[in-house]
Amino acid sequence: MVERVRTRIAALVLAAVTALALAGCGDVEDGDASAGAERGGRTLTVFAAASLTETFTSLGEAFEAAHPGVTVRFGFGGSSTLAQQIVQGAPADVFAAASTATMKTVADRGAASGQPRIFARNRLVIAVAKDAAGKVTSLRDLAGRDLKVVLCAEQAPCGDAAGKALRAGGVRVEPVSREKDVKAVLTKVRMGEADAGLVYRTDVRAASGQVTGVEFPESAEAGNDYPIAVLAEAPQPELAREFVRLVLSGQGRTVLAQAGFEAP
Amino acid sequence: MSRPDTPMTTGREERAAGRGGLEARLLVRRGDFALDLELTAAPGEVVALLGPNGAGKSTALRALAGLVPLADGYIRVDGRDLHRLPPERRGIGMVFQDYLLFPHLSALENVAFGLRCQGVRKRETRRIAAEWLERVGLAEYASARPRALSGGQAQRVALARALAVRPRLLLLDEPLSALDAHTRLEIRSGLRRRLAGFDGAAVLVTHDPLDAMVLADRLVVLEGGRPVQRGRPADVARQPRTEYVARLVGLNLYRGQADGRTVRVEGEGGARMELDTVDHVLGEVFLAFEPTAVALYRSRPEGSPRNVWRARVAAVERHGDRVRVRLQGPPLSAAADVTPAAVAELELTPGARVWAALKATETRVYPA
Amino acid sequence: MRAPAGGASPERGFGRRPPWMLVLPALVGLGFLVLPPAGLLLRAPWSTLGTRLADPRVLEALRLSLLTATAATGVCLVLGVPLAWVLARVPFPGARLVRALVTVPLVLPPVVGGVALLLVLGRRGLVGQWLDAAFGVTLPFTTAGVVLAQTFVAMPFLVISVEGALRAADLRYEEAAATLGATRWTVFRRVTLPLVAPGVLAGAVLCWARALGEFGATITFAGSFPGRTETMPLAVYLALETDPEAAVVLSLVLLAVSVLVLTALRDRWLDVA
């Protein structure tokens, strides 16, 4: 009996490990290295904050069109996760972060080449769930007792920004949850679990109508700067510099502005 | 010391209706197999179901216990209809083949299990269970786990567990088959004593004729789901009616046509042979004789009686100080017991041809 | 941690060496399982460990984790053992399908499990909106929500383990109990359950371990708030954002506590059985 139970435990542990492994995938889009090498072309690898997914993908297409034979590969994810991967030696050419603090951790380790440049600014807005539309018109309304508010965790850049904005407005909020990132905040509001949350303007725009965005003046105190830098160990430094140039160009600004970003 | 009345009902009015003890007709169908058995056992009587593997003995027992559904028929114990009740409400005691003592309970708790299920208070059940353990001579094993018990001890605990609920019908499924030959003898006589002290009806299933002879008051031989012979153990052993029983009790058995003191026996391969007997019978008969009644010769014996035939030696097996020689017909196949000295002298090896002789006085003839 | 020192030598005395075809992958497998936790130990900031452990948030998260994992295991036992019994003992049409459904949480990414829970038990969920309207109960963002999320991902371990034990158990003991007058419920309580106890315990242990490490479904369904829904794995994740060393410390605490509890349980129960 005991033997049989032991065997069973072993089988279940195996199943558990498999399940966990499955669960763990999918955070970072990590294409395989050979993908871009076809036709003997060059591959540019860009690590960018998750909030840049839409804009950078379209800029990447433009870049490929302008540089025949070049493939742009993206790794989108949480800024700090990406920063850690870069510090640990992930082979990337360009890094675009959602906060200067995160970029600093990379620059401090000497992993960035040259001075990082700010290319966009994201502003906090209040995302309001459909059911709660109209209940929230200002930052002060978030302090309401019967309102379920979610914020980013203090450790995440959006949580830091939210803290600054609330302090600037002198508002005390008792959130029901401090989510791991801004997308999680948006999800809770979108699904109606929370009535409101503080997210970036680009997130509300990407959610296209499923949540209402309420702008508030205190967000001026809590903008998020997006820095971009060519990495010191870039396999394609020349292409990397050209990509950064594209992001900073008028074309880049237009694409970013359409998504809700502000110029720095 | 007074025993508490168990809540198990044996209603007086109902009892008056029947004869008491077990009356049952069991019809069970399972795929191609069908059991059709009428069975009775008076209070205090032990009836053994004897038969080869797959004859339906265990199925019959399980049907009585309610573990197998009846396709048709009835089960009455002391006039009370049981066949519509689930097993737990039949008030039957059952001793299983490997005893099936609950491994996580002590011997005492095993015996107390049934009483607890009847709602008897815990202290009371322990007292009664201890009494039962003492009765089967295992008082000092009360706290022992089944794993620590020998086969014979486990059998006694299982019996005590079944009897503790004071059943009116006791079922025993191969109660001795899990024991080695050594302890079997002693346990068998112990079981016989305890069964003698039980005042309800008892049905015992076995494939061992000796168990059946020693333990049972009456035998029912089951073959292919049907009873083929019933009777007192001694009668069945002396006058078997099927090949199976004959082989079990070690007799040579033939079917034949009697005409006074001659029996025309159906032998091997359609061969017929006339055997002289001493009984005077007419018509369809069985003819049986012991293997020791057969004498073997290298050449046809002098002044020969009529019961002589020539056969081939099929096998030679040693049984203790006797040697059993299996003779293959035609005309007649038979088992013969001889001494080892005779085997050497007659050069009895498989394939050898010998003369067999049978004294008319050693044959038994009875109506088929 | 009890890591074997050097190459595990085969049992002497048998005279036969185990085949390298088995030993080699076994060693690689062992290394694969043991090295990452060993890496945690090596990289642990031992000098500041004391002060970091004294952080009330660490203790709060640990307390919450132990509490919720234990509660989830309890819920799994209460619901999972009967479910396993039905699957093992009651033949019904579609049993195979149901058995497959039971294992769905095993292969479902936990985050998806969390979303699914929101869709059903969330404030706007199928059942959740009714709960909210009738009783004013909302589960997301509550400790109960954490227990629920953990139960969802952990219960299959218990059900599979117990069902296997039930199938392996000798049915004749239950028949014996029935002939002694035991009702079905008594048979289950006094015979079946004790017989499959090792399987139940093994399942409960797996269940607890899985609940303790649960992250995806918890953060998706219950969110994260210190003292209420922020369990150890969530704290580890959030710490990773800003302070990787703190994350290592938290992971070590989780590792130490779970290894301690599991070995204690195993020594006490599984070896005795």
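To keep things simple, chains are lettered A, B and C as they appear, and every chain counts its residues starting from 1.
Please note the rule applied: contacts are C-beta pairs under 8 Å (C-beta built on N, C-alpha and C of every residue); 3 or more make two chains touch, one makes a residue touch a chain.
Here the structure is a predicted model, which means the values were calculated and not measured.
Of all chains, the one whose mean C-alpha position sits at the greatest distance from that of subunit A is B.
Chain nearest the geometric middle of the protein is C, using mean C-alpha positions. Note on interfaces A-C and B-C: more C-beta pairs are in contact across A-C.
The distance from the centre of subunit A to the centre of subunit B, each centre being the mean of the chain's C-alpha atoms, comes to 83 Å.
Each chain gets one centre point, the mean of its Cα atoms, and the points for subunit A and subunit C are 31 Å apart.
One finds 54 Å separating the Cα centroids of subunit B and subunit C. Per the touch definition, subunit B reaches subunit C in the complex via residues 8, 65-67, 86-94, 96, 100, 102-105, 113-114, 117-118, 161-162, 165, 171.
Against subunit A, the residues of subunit C that register as touching in their complex are 106-107, 109-111, 118-119, 122-124, 140-141, 157, 160-161, 164-165, 168, 198-199, 202-203, 205-206, 209-210, 213, 216, 219-220, 222-226, 229-230, 234, 237-244, 270-271, 273.
Only residues 1-2, 4-6, 8-9, 12-13, 15-16, 18-20, 22-23, 25-26, 78, 80-81, 84, 131, 148, 150, 153, 155-156, 175-180, 184, 187-188, 191-194 of subunit A touch subunit C when the two sit together in their complex. Subunit C contributes residues 170, 172-173, 175-184, 186, 190-191, 194-195, 197 to its touches with subunit B in the complex.
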